[in-house]
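Shared between the two complexes below is chain A, which pairs with chain B and chain C, respectively.
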Partner chain A sequence: MSGPKIILCRCEDVTLEEFRAAYREGFTELESLKRYTGVGTGFCQGKGCLSEAAAELAALRQIPPSELRPTTIRPPSEPMTFGQLASLEIPEPAAPEES
Partner chain B sequence: MSPHRSALHREFRATSAWRPPGKDVTLDQAQVKIRFEGRTLTCRSGITVAVALWENGIRALSRSPKYGHPRGVACARGHCTGCLMRVDGRPNVRTCELKVREGMDIRRQDTGAFYGPLLQKTVDAGHRFFPVGFYYKWFTRPPFVSRTFLRGIRPLTGVGRIPTVDDSATPMAEDLGRVETVVIGAGPSGLEAAAASSGQVLLIDENEASGGQRGPALDMVAAAGDLDGFPLLAAAHQRLVLARQKLDSRPDIRFAGGTRVIAGYQPDGLLLREGEQLLTVACGKLIWAAGALDTLGLFPGNDTPGLLGPRALYRLVLRDGLRLEGLQVLIVGRGLDFWLSAALCAAGGARPTLVLTSSREHDEVAAAVQRNWPLHTGLVVGRVRRAGPARLDVALRPRSVDGATSASHLDMETDLLVVCNSGKPAYDIPHQLGRALALDPDRGGFLPTGSGSGSLCEVLPGGLTLDFRGEAAGDHPGEARNLQPEAPTP
Partner chain C sequence: MIPLHSEPVPSAADAVIVGAGINGLATAYELARQGLKNIVVLEKNYLGSGSTGRCGGGIRQQWTTEENIQLAAESVAIYERMSAELGYQVFFRQGGYLMITEQEEDLPALRAAVDLQRRCGVPTDFLTPRECLDIVPGLDVGDLKGATFCPKDGTAYPFAVVWGYARACHRLGVKIFIKTTLTGIEAAAGRIQAVDTDRGRISTPVLVNCAGPWARSLAAKVGVELPNRQERHEIMVSEPLKPFLDPMVISITNGIYFSQSMRGEIVGGIGDPAEPRWEDPEDFATHSGLRFAVRFARELTRLYPRTRSVRMMRQWAGMYDVTPDHRPILGGVPEVGGYYHICGFSGHGFMLGPMVARRMAGFITTGREDPIITSLSLARFAGGDLQADAFVVG
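Right after this comes the complex of A and B.
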């Protein structure tokens, strides 16, 4: 029986310990840590954990936190159905200008 | 006038229609019956599925994907995975936002025909044998091993079953055209910003009423006459009252309550959702005053059902009608949300026990002592464990101040644990609209850097006390000023 874990990312069940282990394996950027551990890739798309993960990374790397930028948060911010997407009228993109 | 302009005149609720909630949330007291995992449960109508299950003693609504930890309502805002269930044949329904209906069929999902509790328990206990990234390392070659492994592991990951209902009745999205200023968030900052913006203004909030996440809680505590002795609460309520007055002087401002921004598209597009209805709008300027997200902190057991942040507590009690009567509530933290949670619990008939993590806030401490609320200091949450379906076992450990510890350990059982850290700003939409952000852990997370950086999006960081200089903004018609967040209280 193991004790309770410190969960960093709930959606993908990533523990703080796992995040640190990934850092020790050589993943030292937030972007690569996100891809390797799954932090911030779940249902909430990082609302629950990316700020905390970034703060932890700044501490691990001993760098000023202001050097860290967020990973890309792609729209939409919450899951949508294909039906909803299909209900959107997307304007035709303008033809690329010849340069 | 463009043809879709008229769509802007759809019937958005007038801000003045806001009503202060009474001490008891006025809900239909009729009973409805719902089905949960084959059992029939009786609950009040008008409450959410998550609250209905909570009041029936069921807090573990789902299981976490890898370790199978029980999870429950955590954000009460449709963000987290804790409350996702299968409702009437539809998977991944956010039960914290869905109202109960007679005969509704509610089931836990992903508890596994294949990935059963036994396997999850094995992974949980033997997590060292399933290290991070193991899926990138093991069984990767030769190729046929990799293929077989992937084919085998996919069904084990608990991705659920597809819906057995038809979703084709989605209403067509509606375009609201172009609005000069869109303000996201109708908390005090958003109200002040909207009132200070000239021209056409659309104010959006995911809550039905204005006042932000704390608004209804402040109103309830004020209505109960419990602001006395709490300067933090009185000041917050006063600011809200003034901000509402400012907005009432601008009847031209449209307020879209119960509406959520779900995407930003460069350069100026927003995608909104009001219930099932999607809306699009183009904004001349966006003022981002969306509130903060709860931060629960990093300690063992920080995913246990029954552990909430203050904003989730406000929503559950005042929006969803969760009854607090007779509950034992342990509240840990400091600042406005700490005292507001305590006052809300007391006003709702619960027994609050306070663990203050600040060495200031003397006035509030005196008021708490006067009200006979048990109060501890010098402690922080060390570990949380379930002590039953609806009970928590909380271990508090000494908080070290400059290396010195000031109190002994304390173990406590409670019905509900509310952790009131300072929140963290939501930043997704400003980010999508091209606003540059950098990490500022003292203020909870990612915040905009510099001024503007070419984006139309102006940001009022959530989770901070904001000093919005409404008068100053008036000097520059049509232009809200960049706002200076106050330094967080140390």
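Right after this comes the complex of A and C.
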């Protein structure tokens, strides 16, 4: 590898070069790049890196970032302990939407 | 390695496989290994985007019907060599499965299952609650009545298995198209003739339906009616921790399961009897809810109190493709030659997939009768004499 090593995702230790290599392998969507490289799946859940990753992908695909589909945000927005969660009331089940 | 999705599909193929989950990719790989040329895999989204990429990665041989035990045991043998065979690390780890119950009345069924599994060559043992503590120190065994343990059960990383098969497929010349949707199937004179996709038409004598939760709507396009029903199931991972939990723990009392992945995260889920029934996967909400998180956390911290201070990091949902007897539907149908389905895995398609694919590839290429495929054919539902598997969890 030439040039300086640039870290894209600090939690999962993913470099910019690894991200680009995955793109060259055929992973061209944020959803699949996230899974293949691990970018955004660490402790901060992408808060520190997914916008950088999106900007990089937009540049690689030569499209405006607004054309990229963001990855699905998964709850909880902040990690909670199982002890905290266990102390909550159990919500009612969701009903299927009327179609 | 994967052709970019702007590429048009070829005009002809020897086999078209729908779905790039474990079953579609493993079937493509096995067909190519058994000598079939010009194989095309169609995936409407990205690799592993269906149930496979959402699953828990659990692989167990502890079942109550012979076909499930045999397919799982044969798949374990494939998983044991998979990283070497595919040339890709799939993170298969044999920490065993501990199946626990809190109900006295389950014990005869557990003992009978151990006998059947041992007759099939699977080394399962019956354990007392105290003996469970040797396997999972810190488990609250106060309410347990008994358990079974098979040390050869384990877990693998679902996406790695998908990528491993995809690479091996690519090496063998299989063409995988992502972002490409099958939109229509043409059959004439009792045979598959061609398929339509949003990137063009492919004439083909063979179509394999590995569409997971979408298999039923796909089969309907050739007039094949599947009894499959789609069920939403939720799952979560915790923050990564140092290795401390060896086996997958799974309760046949309340449907909780949890294990520790090679990344150190606790991966787990719990079935919800109050989950509404969803009719069509396209209407399906794969949202994840607080209800699941609270129910899971309550059961986890009750059974395994040392997890109280561990943080849940991420939760999501996926679909089970469920059949009336909780066993897959394999083989073809007499009305449409060249049409095959590999679906209806009911929550255990990741663990059965490797061997199902190998057997189905043999069946497709040689036409030779395979007793397991015959007993798991769609025709079994016409007879009404179903043998359901009892150990469905999640």
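One rule holds in what follows: the second predicted complex is superposed on the first by the 89 of 99 C-alpha atoms of A that agree within 3 Å, B and C clash if a C-alpha of one lies under 4 Å from a C-alpha of the other, contacts with A are read in each partner's own complex, and residues count from 1 in each chain.
Criterion: a contact is a pair of C-beta atoms (placed from the backbone, for glycine too) under 8 Å apart; a residue touches a chain by one contact, two chains touch by 3 or more.
Just so it is clear, the structure is predicted and the values come from calculations on it, not from any experiment.
Participant: Applying the document's definition of touch, where does A:Leu88 land relative to chain B and chain C: first, second, both, or neither?
Facilitator: After superposition on chain A, A:Leu88 lies in contact with both partners, chain B and chain C.
Participant: Just checking: does A:Asp13 make contact with chain B only, chain C only, both, or neither of them? Give me first, second, both or neither.
Facilitator: The answer is first: A:Asp13 touches chain B but not chain C.
Participant: Between chain B (first) and chain C (second), which does A:Pro4 come into contact with in this model arrangement: first, second, both, or neither?
Facilitator: first
Participant: Quick check on the superposed pair: does A:Ser77 touch chain B, chain C, both, or neither? Answer first, second, both or neither.
Facilitator: first
Participant: Considering only touches as defined above, state whether A:Ala22 meets chain B (first), chain C (second), both or neither.
Facilitator: It touches chain B, and chain C stays clear.
Participant: So, A:Gln62: does it touch chain B (first), chain C (second), both, or neither?
Facilitator: neither
Participant: Using the touch definition from the top, say if A:Glu52 reaches chain B (first), chain C (second), both or neither.
Facilitator: first
Participant: In the overlaid three-chain picture, which partner chain does A:Phe43 touch, first (chain B) or second (chain C), both, or neither?
Facilitator: So A:Phe43 meets both chain B and chain C here.
Participant: Looking at chain A, does chain B or chain C touch a larger number of its residues?
Facilitator: B
Participant: Share the list of chain A residues that count as touching for chain B in one structure and for chain C in the other.
Facilitator: Chain A residues touching both partners: 25, 36, 43, 45, 72, 74-76, 79-81, 83-84, 86, 88-89.
Participant: Inside the complex, what are the residues of chain A that reach chain B?
Facilitator: Going through chain A, the ones touching chain B are 1-8, 10-16, 18-19, 21-22, 25, 36-37, 42-45, 47-48, 50-52, 54-56, 58, 65-70, 72-81, 83-84, 86-89.
Participant: Please give the residue numbers of chain C that touch chain A in the complex, ascending.
Facilitator: 1-5, 46-49, 53, 159, 163, 178, 238-239, 272, 274-279, 283, 285, 287-291, 293-298, 300-302, 307-316
Participant: For chain B, which residues count as touching chain A in their complex?
Facilitator: Its residues touching chain A are 64-67, 69, 71, 74-75, 78-82, 84, 92, 124-125, 127, 131-133, 136, 167-173, 175, 260-265, 271, 273, 278, 280, 293, 295, 298-304, 383-385, 424, 426-429, 431-432, 436-441, 444-446, 449.
Participant: Contact residues on chain A for chain C in the complex?
Facilitator: These residues of chain A touch chain C: 25-29, 31-32, 35-36, 41, 43, 45, 72, 74-76, 79-86, 88-97, 99.
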